[in-house]
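I have a structure I would like to understand better, so I am pasting it below and will then ask my questions one at a time.
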Amino acid sequence: MEPLLSIRDLSIAYRVGTSEMLAVENASFDVPRGAIVGLVGESGCGKTTLARSLTRILADNARIAGGQAVFDGQDIMALSERRMNALRWREIAFIPQSAMNSLDPVYTVGSQLAEVLCRRGNLSRRAARRRSEELFEWVGIEAGRLGDYPHQFSGGMRQRVAIALALALDPKLIIADEPVTALDVIVQRQILDQLRELQTRLGISVILVTHDISVVAYVCDRVVVMYAGHVAEAGPMAATLTRPAHPYTMGLRNAFPDLASAGGQLTPIEGAPPNLLHPPPGCRFAARCPFAQPACTDTVPAPVTLDDDHVVACHRWAEADTLRTRAERSETWMART
Amino acid sequence: MTSSLQTTARLALMSAAVATFGATVAAADPIRRIDLITRPQAAQPAEFQFVQLIAQEWRRLGLDVNVRVMPWEQMSDIVWFNRDTWDTTAWQMVGRPERSDPDEIVYNLFHSTTAERGFNFIGYNNPDYDAIVEEQRVTLDPDERRELVRRAQAILAADQPNMMLAHPQSTFAFNQSVWNPESVVEQGGIGIRNTWTFMSLEPAGDQRSIILNSSDNVQAINPLYISGGVDSWITELVWDRLMRIGPDGLPTPWAATGYEWIDDTTITVTLRDGMSWHDGEPVTPEDVKFSFEAAGSGESPMYGPFVTNIESIEIDGMDITFNLIQPSAPFLTASLAKINLIPKHIWEPIIERLADSDENAESIQEDTPIGSGPFRFHSWTANEEIVLNAFADHFNAPKADRWILRIVPNVEAALGMLRSGEINFLADFPGDPSVLQSAAEQDPNLVAVSTVDIGFRYVAFNHRRAPFDDPAFRQALSSTVDRRMIVGAAFRGFAVPSNSVVSPALEFWHNEETGNMEAGLDRARAILEEAGYRLIDGRLHYPEGVSETLQ
Amino acid sequence: MTETEALVRVEGARLHYPIGGIVSAMRGLPSAVKAVDGISFTLHRGESVGLLGESGCGKTSTGRLLLKLDDPTDGHITFDGEDITTIRGEALRRFRTRAQLIFQNPFEALNPRFTIRAALSEPLENARIPRAEREARIHRVMDLVRLPDAAQFLDRYPHQLSGGQLQRIVMARALILEPDFVVADEPVSMLDVSVRAGVLNVFREVRARMGLTAVYISHDLALVRYVCERTIVMYLGRIVEDGPTEDLVREPLHPYTKALVAAVPVPHPDQSHDPLPIGRGAPDPRNPPSGCSFRDRCPMAHARCAVEEPGPSRVGQRLVHCHLYDQADTRPAARGTPA
Amino acid sequence: MTNPDTPRRAGRLRRAFAGLRLPLHDPLAIAGLAIYAAFIVIAIFAPQIATHDPTEILFTDDFQLAADLRPGEDGYIMGTTTLGRDVFSQLVWGSRSALVIGLTAAFMVALIGSIVGVVAGYFGGWTDTLLMRLADVAFGIPFLPFVIVLAAFLEPSIWNVVIAMALILWRDTGRVIRSQTLTLRTRAYVEAARISGSSDVKIILRHIVPNVLPLSFLYGSIAIGWAILTEASISFLGFGDPTSISWGYMLQDAYASQALSKRSYYWFVPPGLCIILIVSAGFFISRGYEKILFPKLDR
Amino acid sequence: MKAITAIGSRLLQTLFVLWAVVTILFLMFRLMPGNPMAAYIDPNFTPEQQDALMARFGLDRPLWEQYFIYLGNLLQGDLGESFFYRTPVTERILALLPNTLILTFSSLIVAYAFGILAGSYLAWKRGSRVEQVAVPVVLTTRAMPEFWLGMILLAVFSFTLGWFPAGGTRPPGAEYDGYWALYTSRDFLVHLTLPVLTLAIYSQGLPLLLMRSNMLDVMKEDFVTMARIKGLSPFTVVIRHAARNALLPVTTSFAIAVGYQIQGNVVVETVFSWPGLGRELVRAVSASDYPLAQGAFLMIAVVVILMNLIADLLYALLDPRVTRE
């Protein structure tokens, strides 16, 4: 089946002073219909920028520097602003990281729902009210709280409101930008369950931006790993997490404490991501990679498709299995410090 | 004359003159630093200016002069209430119609009995002078009295108790397309803004309201309270008096048809027939008698002094007889032309009520003040305007319909209003009179009239303190600056140089021989040298043997 | 273990923040948020204890009490036998050299105006360490936190370093006076995943090497498990469970701990998606329920929970504050310290 | 997405001007500073620049008062006043009063406000309550009427304005600096200093004060304007000090002498422009500090 | 519930400030140098008369006794008797207060209407040439001495062009049926124009700059970005979300501005011969009319304090985050 969204060679640039820097460079991946795709990476890797670019609402100093994002047959990067606006929220909705800041503090949540339903969904006030009640029921909030102001909700409840808001116009795609990061584990789990349940029921596609591999592991069907503006690896969640092909993904697994497996030493990836104003010429991870070869610092690796839609951008993709074994040992990563 | 002024000015312009007199021998005290008090420029530009000028010249005599600028309250506290601690101060006597009789000036200001608490705040004490001014009070023959007043002026000229400077001119303007200029009356020593003008102003066109300005607020409209200067414009229009000061400065019968001295202490006046109060009640001799009694009742402390000389009042038909305690030459001016006639039926209950309270009549503000004058009270909008309507039943009914007083604190705006027609009579102009003059020259509709004032400006010396107890020293200081220069620099020419407290506007009383004193730095230095003062190292010292007497 | 080995004892500590004013007091409204509401525990020398709980549970407030950054509204805290709630002056200064904090956010814990050297010198100045000795100590502590080429950092400003480096500097500053006791308040939560492990490893290493007594405050059970042998779980200002970390992870006793353990996500595709054994809703610190503060979310709450606040019950090496484990015979023992 | 280069350069610049923390990156603020520099030069060299003693009563060659001369007439650059003083010299000397009043008042306001704010914010408790209730009271006192009453009771002096500002206007600075201090106090690095055993005084001087300084300067630069405008208003209302030449005094003098009716714009307009110039220069500088403090606001 | 207690303690605070200001005022006027009655004791008075006058105004009693009498009278709305007018101060002040309030409010309404619109516009046009020029110009308007501006407006629009009268609230001798008829008349409007213009030119800067920077702030808020992501029209985004939020502090600043303006009116009332409280205060102070000066001062202070209170309450009223808890 044709993917709902197909991103090809997408680049997004920020103007910093007089120069420009590519926060996202030549990113490509697909979002299948009815799937949750996890977009994962460290802060500053470009995952949020990329996700936001799909609404075409970017920061003032940012611009789309190239590439396409074909959504349901049309390239949303090439659409006129008018047609793009028609798409927003009706087709592509958004769940922000902090619903506290994303809900207008001076209106009740009910009226913010009604605003979207009436102005964008062309519903009558009465129909909007009914729909609001339905949405609140879906996300598990009493309809009576429609008259409350955002600050009267707890963090988790606000996030549920944000989900309700995103579902309002039956979109095909929801972009969720770190929707549970600010929440406590218990609430986080409950919200993820809710999201998953609704997504499955309504058959929506979701791009879930997160820095937390556990979250990806818990809800996602597919995962896209980003590093310093590049897509390092993308593929089905289970395959990618159990058999990572990119050294960065391998490293991440070691750096992460895991409640399920007992004990063991954690291993950090030493160093820090490169400064994107002056990116290194080759693989962006080369400087921190224990397996880097001369070619890695010279040329940017092209994405290679392994089996089962598993794509990796690494010069040593062919050796992935051996590297993975070596990567499981801490000494491999400590050697470089 | 011009040349001597030029000399003075040239000297004034020269940088500190080299000491030319006095030998530097014995060790006498230097003269201490001398204070010269003035009010702020904002309040009194001319005063501030002449004080600067005088201080500048005194310093050239070798004096250390400290100009102290302070508001009126502090100035009056130091000068008027404490009396002992000041040296010299700028001072002013304002012109009022009653001051057309010289008694208030020559007696009150200089008689030794008023030195303690009264008007003689400078502490002048001259027994000869006391005798003369006491005598003029009880001398009823005008010519004899005139001689005494002139002699008093001569003594003052010799003693120089004050440094007399000038009688300023009052300048007022009106719009002659609104008011027939013929109908404007110029009152001697007062100017064209006076009761007579307001009664006789004749409309030249459709505008029948006299619209005039004041920069001060109206304080009270009360016949038993001498409040602000502006208030007196209103009281004089709303209430009649037995006599009024005429345009010539002399008392003329008004509500009285005439008066007759029966003897030195008895005077009979005849009340005009057919007068009525603004509420329609007739004006009776009982009302007149009540008016004088109310003034003396103690509930009107400010009017009290003007009736203390009255022993009793008798009524016979329309005749009212005043029996005085002692003969009084200024009685006509200071009492008969001073006391407002008030309706007994309104004020008697008020005075009775006040007798038992700690308030007095000064705090009574009637909602609609009732008098018998040529204008009747109509409305009062706080800080904005007062409207009086013409009282058609008056024996001298005004020709205008209304008299509207606008409160305009912004002087420049007042002038603008006169030009634009928002007001048609500029009754108060504390600004630069030359502006008014040139405005009148530019606009053919505007007429500006300047009149020499009864009031005067001077620098007072404190006779209680050395060195001002020395007439020679006072003479010298007084003669330092030519008065014509002061008139030019401080009053922009709108004043008359003067050496007498009796204004030249009061031609009858003024002693023209006091004339213009010879003045200039040379003259001052000569006087000082003659009296033994010496200049040592640029600093003026007392004569030998005299030492500073202050502690 | 014996009493002498106890370094820190907390007895019935409460910390209430006032809210509202005179008027609200007159109207009989709650006048305080009970951030910490009567907790007792003992820290033994060389022990590493995790303080675990959701935001608003009072774990950070407890940490502040331990370091005398706040004084308890009620109760006592003794450090090495001395009641720190009342110390001042010289005694306080001495305490400050022995108890240190590792901050949550390394980007804020260093004054941006000062170089790293200045930041590290500040405690040394305050402890009146002679100038000559300072540089050597700075280098020593930099080695300790695995920033061996100190020279390249010391003259830099905080904004010129990465988060991982900064957090090690923050640790270095806490350790430079060689304290006995360290509180670490979520020290890696602001860091990227790839560098967290480095900081955690340094923490573990240093603790072992210096024999530090440490409290590690976190909401993340996996992290706590990595660095602490004992864990205290808090909920709404109270302790719900206290015991060896491994036991707690393997077999949580308190219903809240159970939910917490179940909720922790793991980075593996194969994991349980069962609904959590806990009701919806969030704790409200301003209006905690009566009795057991967890009862409104507890799937096993019964009538008694609403009226009676559960005391500690000993189960094995653990203390559980829940009526489910409330057996008369264990109660007296529960008052003691876990053996 | 940090960029290590820009902050490094900015850091060096910041250190170079650490003492003054001048807002040198904002064109408007630079314009303000330039205006100040110009007026400071004029004030310092006033005796050399001015052609006359500003209080001297001047006379013409034919010994008349040199009153209301037009610019250029008799060599008076900007003409003379009605009382025969040289307008140009008064304008030049006026810069001294303006700077003295403005700067001392600003200094007092910033100093008192900062001390109150830092002390209240840092120590909290009853100190805070007391100081902030004091600030409430200061907020309840209408400023201009207060200055008027003060000026009327004391002998007229330019210092009345300064005293009044010191007594009243610290309130705004105090409140803002207090809340700034409150946030600073909870900053991790301030806590860190406390834990490392730093004394309160040391923490205040090392960690708090440098951070509130720009805020003090911001309020100080606004206070300069307030002081000069207030002095002008007070002079206009007749409570000014006529012995010291200020622009406010000049305006009052011109107003009292009906300069507008005389069309003596050369007398009435320049002092007003000077006031506008120097006061808005203060505002310009304050915007520079605003940008230091709230960099997100503008860019 | 919480809102009510907050309002309660705010009211208590207001009462405290009122008391403190009253006390400061009392002390200020009693402890200043000079004989308070110097200007009103006629030299012709006998010592007994002078003493009687002092006694009449209670100035012969010990200070603390005067203070309690003063407080007691104040509670009954009695501000004493004016030395100058010899009539109750309260009466006088109440006659003048409406004029001052109407001047203050009309100028602020004009200033805020303009300032809010222009401020939003400038925020919208951020970075443009218009904005770069406008900001310094606006700052400059706040640097103008008000009387200077007033005099120049007067010279141009009244003296030279003759479009507006030079002062007062109404034409000479005009009469109206009460305040309302006056305030709604065309005459009044014509007289009001220049003083309002003067004050408004000075006051528009505050709402303008405030609105502009608030808008810039709010435009960066997540919920504005969200509104755009929701595909709402730019108008909805700017007006319904950005402006509505940016207006909050501007609205409360209005109340505070009333307090500031009412003190500043002193000067403009003099320039335009406006019969207001400020002018009366200046006159009373220069004439040493202490009871009246004190009363006028107090009345202005009360307005200032009330407006500070209203600003806080208004904030609570308009911002749901404060009220609905």
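Annotations
Per-chain residue numbering starts at 1, and chain names A, B, C, D and E are given in the order in which the chains are listed.
Methods note: a contact is a pair of C-beta atoms (placed from the backbone, for glycine too) under 8 Å apart; a residue touches a chain by one contact, two chains touch by 3 or more.
Quantities reported herein were computed from a predicted structural model and do not represent experimental measurements.
Path length between chain A and chain E in the touching-chain graph (shortest route): 1.
For the pairs D-E and C-D, the count of C-beta pairs in contact is higher at D-E. Centroid distances from chain C, each centroid being the mean of CA atoms, peak for B. Distance from the chain A centre to the chain D centre is 53 Å, each centre being the mean of its Cα atoms. Centre-to-centre separation between chain C and chain D, using Cα means, comes to 50 Å. In whole angstrom, the spacing between the mean C-alpha positions of chain B and chain D is 45.
Computed centre separation for the pair chain B/chain E is 40 angstrom, with centres defined by C-alpha atoms.
Of all residues in chain E, those that touch two or more other chains are 33-34, 151, 154, 159, 270, 286.
Counting partner chains per residue, chain C has no residue touching two or more of them. Interface of chain E with chain A (complex): residues 221-223, 225-233, 236, 240-241, 244-245, 248, 318-321, 324-325.
Chain D contributes residues 28, 31, 133, 136-137, 139-146, 148-149, 152-154, 225, 229, 232-233, 236-239, 248, 251, 255, 260-261, 268-269, 272, 275-280, 282-284, 287, 296-298 to its touches with chain E in the complex. Those residues of chain B lying in contact with chain D across their complex are 5-6, 9-10, 12-13, 40-43, 45, 48-49, 52-53, 56, 67-71, 74, 411-412, 415-416, 431-432, 434-435, 438-439, 488-489, 492. Against chain B, the residues of chain E that register as touching in their complex are 33-35, 38-39, 42-45, 47, 49, 52, 55-56, 81, 84-87, 92, 95-96, 151, 154, 158-159, 162, 165-173, 175, 270-273, 275-276, 279-280, 283, 286, 288.
For chain A in complex with chain E, the residues that touch the partner chain are 55, 57, 85-90, 94, 96, 98, 101-106, 108, 115-116, 119-120, 148-149, 151-152.
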